[in-house]
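Shared between the two complexes below is subunit A, which pairs with subunit B and subunit C, respectively.
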Partner chain A sequence: MTISLAGVGYRYAGATAPALLDVDLELRDGEVLGLVGASEAGKTTLCLVVSGLAPRTVGGQIRGAIRLDGEDVDAWPMHRISERVGIGFQNPATQLSQVTGSVFEEVAFGPMNLALPRDEVAERTWSALESLRIDTLAERDPVRLSGGQQQLVALAGLLAMRPEHLVLDEPTAQLDPAGTRLVADAIERLAADGASILVAEQKTDLLAAICSRVVVLDGGRVAQLGPAAEVLGDRRLRDLGVAEPSAVRLQRAAEAAGVHDARLSEALAGG
Partner chain B sequence: MAEGDRLTESPSGQRGVPDFVGRPGPSAYHRLNPLTKATLATATAIAAVALGGLVGPIVLVTAAVIGPALAAGVLGRLVRTALLLSLPIAVSAFLVNLFFFPGASQVLLRIGPITATAEGLGFAAEILVRILAISGAVTLFYLTTRPADMTVDLERRGISPRVAFVTNASVQTVPAMVERAGQITAAQRARGLDTEGSLWRRIRGVLPIVGPVILGSIAEVEERTMALEARGFTRPGRRTLLWAPPDTGAERLIRWAVLLGLVALIAARIGGWLG
Partner chain C sequence: MAELRAEGLVHVYRDGGVRALDGVDLAIAPGQRVALIGQNGSGKTTLVRHLNGLLRPTEGRVTVDATDAASLTVAQLASRVGLVFQDPDRQIFAGSVRAEVEFGPRNLGRSGSALGSAVADALAATGLVGEEETNPYDLGQSRRKLLAIASVLAMRTPVVVLDEPTTGQDARGVERVRAVVEGVAAEGRTVLAISHDMRFVAETFERIVVMRAGRIVGDGTPETVFGADAWEALRSTYLEPPLAAVLGDRFGMGSTPTDTSLIEALLA
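Coming up: the complex of A and B.
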């Protein structure tokens, strides 16, 4: 179960400059790939392209090849891609369907669209709610929840669709540390089950904890791609508009202060 | 769920569809099928216009709006909401007809250059009752029907999920925009925007709020569309429904009777048999 991009470029309708240029990327089985970059680097655009929404829903022009588990998806309609690739956005309010009366029905919305048997819809919905520990919210009206709760509900809605591939654009933007941890746990469980996951995030601490590799975008191009510890520990990261994880900052501060303690290094390396 | 149609019973007990999905409403009127309530609301609104005069619409509003609202326990909310909805247009229509009714001769009151007339008062009262009947009928439907129930019922009847969604989303958009307007107003006031005081100040204060509300809503439509696409909403074919509102033979009979009655009323109005 892989998603591969080869020489992918993308230009929004009416834009003079491309938002993505010559992107080569492979998202592997069971892998969590972190995506970082400064504002306007192309992170959201890459998420839209990988999920198939660009250009199918967004419009614009795309070039290069995108393959889903080896198949060229160029001619696939969006609903076919959505059965395999899920995408979550930063703003929870726009991810809710707003036509359901309870959190349970909101999370069930995707599986219902897939015309799954009723019992399977219910089973998937409970499972997704429990995995994010929001089953106690099942009866609540989704539009009356806090932003953080809505984000978890939106994510549960994606999990209930059991996508083979998941694209998350700033999934923890509105979450407190506890909510962020729940999302991280859910992502790790999905990956352990074999899903490949692309996570665009500003919180590099989170990426350091859950990603095997990290890609850095700069001006729509891949500036760096490699193992998470290597990329997130690179001193050029700040020049690319990305803050290092706190463990890296602490390590550097300790080195600058002349503190050389094996136990500290070991603790920081362990996250 | 005792009265709704569960479509198929879940053998999986607690992990099946929970009871609160499609829970019956608190009153007999709430529990009517959404299509029955929509038929009654539409027929009431049209009949109030077709009947003409004062007595007919007042009897109709009493029987088809106030009575059911009382029985459903929503009379207070209905009066408040219906008045809020209709007051601006009702007041302006009432005043225009009261003071500027063409060809009126029986003067009731003179205020400077304008005169209130008896003919104008009669016609204004008729207009007022019709507007209140329409807003009351629509409000009664809104207060006793969950939008999700209406969507499910339309889908069960074979209406495209997209059409059902648009119908529902249109109703849901209003409170969402009101909430957004409140948030933007608070944000603008925090930055010194004066939205209180004289009428002119209030008008000036509204302008910086209208733009962000409308533009923000338009921007959200694109994101919302993408989220729906990503959740398989555009997939062709029927969706799975977790439940459907009950519909009885008696209700079907009522709907047909109401529709036939409405057609007869309109025919009588067009034929001039109502005077």
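Coming up: the complex of A and C.
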């Protein structure tokens, strides 16, 4: 259960410069791979490419090879990819179907379309709602929720599909710290069940907590790829437009000020 | 310069009967930098939408310089309180960056060099110089957000309200937003910002107001609001103090809400 990209480049229709260049990447079974980079470094584009939406729905030109569990997906139509790869967009308003009258129906919409038995649709829907603690919103109209609540509803819809592969573009952007933790827990559970998950995020504290590896994009190219602690602790991170996790930043500030405090070092190393 | 005041403010949304605001009393002095924090759905956005007249109180009132906001038109309020929405796409509509930023000050009657300098200053503050002729939708999400901020800055309102300004911003974007807040405050204008980014809040604002379930449950300096005595109130609205505050308390150094304050305490 892997997604692999070999020499992938992508250019939006009408754009003069490519948005992605020479991307080699493997997303492994049961892995949470973090995706960071400055604004416009190509994070959202990579999410669209991995999920198959670019170029199939978005247009543009792609090169290189993308394999899903070993099979080249080049000739696959969108619906065949979406059975295997789920995507959560940055703006939940884009994600919501706009055709359902309640949060329950919205979250059930995906599993219904998988033609699952009614009982299983209901079970999956309640389970997804409860895992993100939005079961109390089940009867509410999705378009009348706050931005953060909509973000959780959109994610619940993806969880209910139980995807083998999941791409999430800033899934916690509008969430408070408690909502962010719920999303982190849900991602970890899904990965523990064997799904491979690509998560683009500005919140490096979150990535440090849930990712095994992290990839950094810069100008559409892979600038760094490696174990999360290594990449997020690298001194070049800030130059690449990415904020360090709180512990790394505090450690740097202490070093710069000439503070050598055993308690601080111990606390920061312990997380 | 403007003083903002909410008195006994209650707001009940028509569709759900939810008391989104349940008796809010708040006074903000001219030139203050105030952050508004609290869990999703605690009433932060509902509160700020009363300040520029997008919502009208169910009970209580909002005053701007002692004038009841209910007696002012939305247009009159717009010249005093500028609001940047959470989602820039709900705000942006013009065909070029320049047209977008000019729209507000033009509507306030500015023209000629006053208009030119208002637009130039706003673009400089948000790092959008050189993008004047760009279509806003050719900018990425984070620069569209900066454009939405620029459009409000250009109106030079005495009060600037920012709803989640750092969402989707990379490290440089967050620094830019911080500089915008400081620049606006340095001119004696008031800044009120909603944020879930506790580190940004602790480092950028002099006063932090904590909301839970439509009420204010905490109000003070970063040292007070992120001090150990206040953690229970914070956690009641599902917020966590910044790492530096947690470590300062663990080391018995009092309240150190920022990296800088913790390091100073360690050096002392």
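The working rule: the second predicted complex is superposed on the first by the 266 of 271 C-alpha atoms of A that agree within 3 Å, B and C clash if a C-alpha of one lies under 4 Å from a C-alpha of the other, contacts with A are read in each partner's own complex, and residues count from 1 in each chain.
To be clear about the criterion, a contact is a pair of C-beta atoms (placed from the backbone, for glycine too) under 8 Å apart; a residue touches a chain by one contact, two chains touch by 3 or more.
What you see is a predicted model, and the numbers here were worked out from it, not measured in a lab.
Student: Applying the document's definition of touch, where does A:Arg238 land relative to subunit B and subunit C: first, second, both, or neither?
Tutor: A:Arg238: touches subunit C, not subunit B.
Student: Check whether A:Ala247 is in contact with subunit B, with subunit C, with both or with neither, and answer first, second, both or neither.
Tutor: In the superposition, A:Ala247 touches subunit C alone.
Student: Figure out whether A:Gln61 sits in contact with subunit B (first) or subunit C (second), or with both, or with neither.
Tutor: neither
Student: Where does A:Gln149 make contact in the superposed view: on subunit B (first), on subunit C (second), on both, or on neither?
Tutor: second
Student: In the overlay, answer first, second, both or neither for which of subunit B and subunit C A:Ala108 touches.
Tutor: first
Student: Quick check for you: in the superposed arrangement, does A:Thr136 touch first (subunit B), second (subunit C), both or neither?
Tutor: Touch partners of A:Thr136: none, neither subunit B nor subunit C.
Student: Check whether A:Met78 is in contact with subunit B, with subunit C, with both or with neither, and answer first, second, both or neither.
Tutor: A:Met78: touches subunit B, not subunit C.
Student: Given the touch rule stated above, what does A:Leu264 touch, subunit B (first), subunit C (second), both, or neither?
Tutor: second
Student: Quick check on the output: what are the common subunit A residues between the subunit B footprint and the subunit C footprint?
Tutor: After superposing on chain A, subunit A residues 91, 93 contact both subunit B and subunit C.
Student: Spell out the part of subunit B that touches subunit A in their complex, as residue ranges.
Tutor: 7-8, 10-12, 15-18, 20-21, 146-149, 151, 161, 165, 168-169, 172, 176, 220, 222-242
Student: Can you list the subunit C residues touching subunit A in their complex?
Tutor: Touching subunit A from subunit C are residues 15-16, 38-41, 45, 86-87, 89, 140-143, 164, 167-174, 196, 198-199, 238-240, 242-244, 247, 250-251, 259-260, 262-263, 266-267.
Student: Would you tell me which residues of subunit A are touching subunit C in their complex?
Tutor: Where subunit A meets subunit C, its residues are 37-40, 44, 90-91, 93, 140-141, 144, 146-149, 170, 173-180, 202, 238, 241-243, 246-247, 249-250, 253-254, 257-259, 261, 263-264, 267.
Student: If you look only at subunit A, which of its residues touch subunit B in the complex?
Tutor: Counting only subunit A, the residues touching subunit B are 48, 51, 53, 56-58, 77-79, 82-83, 85-87, 89, 91, 93-102, 104-105, 108-119, 121-123, 126, 138-139, 143, 154, 157-158, 161.
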